[in-house]
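Chain IDs A, B, C, D and E follow the sequence of writing; residue 1 opens each chain.
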Amino acid sequence: SQQQKVRIAVLPVIDALPIYVAQQEGYFKEQGVEVEIVPVLSAPERDQLMQSGQVDSILTEVVVNMIYNKETPQIKTVRFLRTTTVTTPMFRILASKDSGINTVADLAGVPIAISEGTVIEYMTDRVLEKAGMAPTDIAKVAVPKISDRMAFLDSGQVQAAVMPDPLASLSIKNGARVIIDDTSYPEVSHSVLAFRIETLNQQGEAVRKVLAGVEQAVTAINGDKTRWNGLLAELKLVPEPLLKDYVLPDYPLASVPSEEQFADAMQWAREKGLIQKDLQYADCVDASFLP
Amino acid sequence: MKRSHTFWALLALMGAWQALAMVIQRPILPSPVVVLGVFFAEIFGELGGHFLASLWRVTASMVISILLAAPAGLALGQSQRLNQIFAPVIYLLYPIPKVVFVPIVALFLGINDLSKIVMIFLILFFQILVLVRDQAEGIRPELVYSVRSLGAGRRALFRFVYWPASLPAVLTAVRQSIGTAVAVLYVVELVATSRGLGYYIYIHGSTFMDYSKMYAGVLAMSLLGLGLYFLADVLHRRLCPWQFIR
Amino acid sequence: MKRSHTFWALLALMGAWQALAMVIQRPILPSPVVVLGVFFAEIFGELGGHFLASLWRVTASMVISILLAAPAGLALGQSQRLNQIFAPVIYLLYPIPKVVFVPIVALFLGINDLSKIVMIFLILFFQILVLVRDQAEGIRPELVYSVRSLGAGRRALFRFVYWPASLPAVLTAVRQSIGTAVAVLYVVELVATSRGLGYYIYIHGSTFMDYSKMYAGVLAMSLLGLGLYFLADVLHRRLCPWQFIR
Amino acid sequence: MIRLEELSYHYPSKPLIFERFSLEIGGGEAWAVLGPSGCGKSTLLYLAAGLRAPTAGRVWVNGAILERPRPSTGLILQDFGLLPWATVEENVRLGFKIRDFYGPDGKHAPETTPPAVMDERVRFWIERLGLEPVRGQYPGQLSGGQRQRTAIARTLVLNPDLLLMDEPFASLDAPTRENLQKIVLQLRQESPLTSVIVTHSIEEAAVLGQKILILRNRTNRSAEVVDNPEAGGQGYADSEGYRRICSQLREMLGETA
Amino acid sequence: MIRLEELSYHYPSKPLIFERFSLEIGGGEAWAVLGPSGCGKSTLLYLAAGLRAPTAGRVWVNGAILERPRPSTGLILQDFGLLPWATVEENVRLGFKIRDFYGPDGKHAPETTPPAVMDERVRFWIERLGLEPVRGQYPGQLSGGQRQRTAIARTLVLNPDLLLMDEPFASLDAPTRENLQKIVLQLRQESPLTSVIVTHSIEEAAVLGQKILILRNRTNRSAEVVDNPEAGGQGYADSEGYRRICSQLREMLGETA
């Protein structure tokens, strides 16, 4: 009955491709839902728009979802947008050219540039722990902007940094070394689509249609990865110098984070002090809108 | 400002930039030659559009800021009483980073051009207010006496003494605002827009790491400012001819 | 500025804030009562440390900016020739968002306190320069003549006329700088630091989404600015007693 | 016209200049004020013009307590107070502009300004004071005397009924000065003008002042007035009476020096 | 001392004030300059002081072409030019401060300044000019005459060998004025002082000027000089010669009015 617009705040990352594809290919229209993509350039701006009610949905990650919900449930994750696969990592820990760091062991006590309180920090902790590093040996320095991290890594102002795919390739081109990536622990890295709970309650049907549209897009992308070069170039989701050789990752089909994934992330978030009390999986994740 | 001086200034800056680029030898600072190439390739296309979007936002917010802050500054500079009451309010609000108000402004105005203009306005307002107020406070009392003796009350003093006496300060404020307004585009044009030089620089510098495009955007900002300065100089000559006699 | 006025101003602002918070009814704008509670709980602990870190950065960068920009502004205001040469350079550099220079500054100075101070300095420098220059340009020629007739050359004019005549403008510049410097902490203190009010506001506003803490940080910034303004007022009375005679 | 009633005045944290000082200036009278530098002559005019409020006591003008400058009082300040951003002509026109701004409200402007004659009067006074060649110049481009004449024109153009002048002819050469003194005498004949002129020239005081007030370089408690009823008469400046008054004044002032 | 050689001057886009104007002022002479308002008297002093450069021609002072203000020329400006941020005492001391600043380099300051006497001289002149009661005040708190006396003190304190004065006594009362005229005469006796005084008072010119230059309100092409060799002598102001000169000057100036 309600033909209301659904507004999604989207960061300029490759994870958002299915949403753009669904919009461009008319999948949303086919499903009978009108979607407005609101581009934002950074996470704080995205959250500001959400907090002031200017958008209904955001591209985010489970940890952030928990932070939103730490007092009262505000938003719920309804679908993975991207996860690490065995073949394509989402994040890599890189060491700068002249740092002399070659192995995970060399990273002990070396400050790694990260962005605090995000999946990047979560992934860094978990991947390094899994690789056998003592938690006390993990040092971190907050540099929220990716471009600053890259510049600092490049000039040796920091010796190590976490970079997302595909930008990590740029650093590697400039001489940075991969020390470890998240393919060793694919459960941690992800991005998700989350909706305001009111929207889910009042416009559940529209949300379902949105997810159906995304599903169509994911299928289309996974089915033919070469078809989207034009769109990628136009949206500039991949830096120009990489575009030519870039191979799109496999996007996850309809799915949400599992209870185990959620519990692990929550434990980490509590240790970090990002949230003060345990949250219910059902308050933060909702698989019922998936097609 | 003469054209020729501007030309040489540009050339000198390019020289310094080239030298710095050669010292640094890193992608974060490409050579101006490369950037100029990109600039001229883009300015008649995509970059031009961003330029116009920013031009509109900067001009609109400057006009609003001057129109509101200059009279307010005059009023405070004119009356010690008013100033004593409002100074603490100004001093409490001025140091707040206005970016924290983005969500509140968005809440009331939505996420459109207007909310961006209002954000720039919030940043410029206090800067202009403080300058014009301090200037108006320094007016020679004999001028005030002489005009009061001609029958002027508060309003006429405002019109015939404080306003013209503060015009040079207002023009200084305009010059400062140009610099500030253009520079804060970078903060303001990050939210829910895909137009404007701020967006252009951010997306190329921070997301795509395409530094030559980013610097083409920086160059465009620089030139946007310069153009507005030329306008301000013309305005100054028009409005304050008495300052240019020797 | 009187204490009592400041108190009432604070109260009025709190009232307005409370009203706005009640209208908005969203977590992004908590009530001032809540924020005050948090503020007093934190200011003697964590927040206090951030406050001191920011205080140091702001003060250091302001001192450097004034020391470099004020004489430069005077020099340009004094000599039409110099000004014609340098004005275009200033006008080209002023509108550039200085944030884009973060990586370049870091390259030379590392990612430490110094590079943050230099970033604030880059932002303040042009603002002060333009103001002081415009002010020095407006000096009454009769003053210059009378002091030249006492034997003063360029340097002595600088010392005995341009400098004292521009002191009020320098103090205006100080007031503006306080506002600007504190506000830009939010941009500067994001990079590779975990101290400072900018960081505090960012981390609580953007990462932890703990808006009452974020606003406690905003309040701290506000008060940091206010304290510096009190200092500036005292300085003004000390340095320019002739402006306070009636 | 003016009545100072037990007036006291001092600048902040300075000694009293006037203490319970009383003086009555009748309508149509021509007064001159003489006294050593720094004795308070300018201050007296400021008080009479309503630009400074007395510390104690009251100033009555035209039967009303003076609380703000009267629109039909003309004041010529010692340091001219010309607007630096206005040309000679604009400065002369300023008073009319202010009246236009308020309209004839009786408070800021007299109720009876016929605006039609404005341009004509401005032109008339600019010419009369020899400012025609510099009418388009800014004060910064004027000679000292030209500035002073502009300030005089600015006041006279408004046709005041009370004219307060603070050393109005100090920087003018002898012929111009005499010419202007004649103008003032003439104005007095044409209209019911009350005038007070502060001057440092004994001769000028004797020529223009029917009553001459002498102030002293200490707290002034009572008015010391010299009568000079024939002032302004034809050929008075060559008369015996004039010379006598001059030497009397010189003697009185010499005392204090 | 001063030689104007075929000097021409006009303000930007204004008519010529001087055209190929030549004049020679000998060392130790006392000159007065008279002329109607706006004729170029102040301009002449600016040129002689080196504050404005002639459009054509040259100004020689003490055998050298004048290119910048000489440190031992004293100039008293018509509008005083006091620093608003300095007290009376600081204003009077300013010249010494400037000399200190440069040290005795012969260019900005004479080579022979004995700095020890500085304080004494400042005190002496402040007292001599009756500025003691206001020594700590800012110019904004002074009366017109007090400002003028401060400007005079500021110049005299430096002991100039050439004194250029632009209507220096215009806002002073008669006794003070006469007192100051006496001071100038006295200075001339004590030291080899060359002085040029611009005045609008014929009497003052006759008392102080051994040579009186008359300027006209049109382009001045040649110097019109009245000799008055007895000026400054004891009792000269009561002599027949004085009265004759005065009426001659009055006539000459009347012509132009």
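We adopt the following convention: a contact is a pair of C-beta atoms (placed from the backbone, for glycine too) under 8 Å apart; a residue touches a chain by one contact, two chains touch by 3 or more.
Keep in mind that what you see is a predicted model, and the values were worked out from it rather than measured.
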**Asked** How short can a chain-to-chain path be from chain A to chain E, counted in steps between touching chains?
**Response** 2
**Count of contact steps on the shortest path from chain C to chain E** = 1
**Chain separated most widely from chain E, comparing mean CA positions** = A
**Message:** Between chain A and chain D, what distance separates the C-alpha centroids? Give it in angstrom.
**Reply:** 82
**Complete:** Per the C-alpha centroid definition, the whole-Å distance linking chain A and chain C comes out as 37
**Message:** Can you work out the whole-Å distance between the CA centroids of chain B and chain E?
**Reply:** 49
**Complete:** Contacts with two or more other chains occur in chain D at residues 79, 140-141
**Asked** Going by the touch rule set out above, which residues of chain C reach two or more other chains?
**Response** 26, 28, 103, 107, 141, 205, 246
**Asked** Which residues of chain A are in contact with two or more other chains?
**Response** 48, 51-53, 145, 147, 151, 155
**Asked** chain B touches which residues of chain A in the complex?
**Response** 9, 12, 38-42, 45, 48-49, 51-54, 145-147, 150-151, 154-155, 167, 170, 174, 236, 239-241
**Message:** For a test of understanding, state which residues of chain C touch chain B in their complex under the given definition.
**Reply:** 1-2, 5-6, 8-10, 12-13, 20, 24, 26, 28-29, 84-89, 91-100, 103-104, 107, 123, 126-127, 130-131, 134-135, 137-138, 141, 168-169, 171-172, 175-176, 178-180, 182-187, 198, 201, 205, 214, 218, 221-226, 229, 243, 246
**Message:** Residue numbers of chain D touching chain E in their complex, please.
**Reply:** 11, 34-38, 41-42, 78-79, 130, 133-134, 141-146, 148-149, 166-167, 170-177, 179, 200-202, 250, 253-254, 256-257
**Complete:** Listed in rising order, the residues of chain B that touch chain D in the complex are 142-143, 145-153, 155-156, 159-161, 164-165, 167, 240-242, 245
**Asked** Of all residues in chain D, which touch chain B in the complex?
**Response** 46, 49, 51, 68-71, 73-75, 77, 79-86, 94-95, 97-99, 101-102, 107-109, 138, 140-141, 151, 154-155, 158
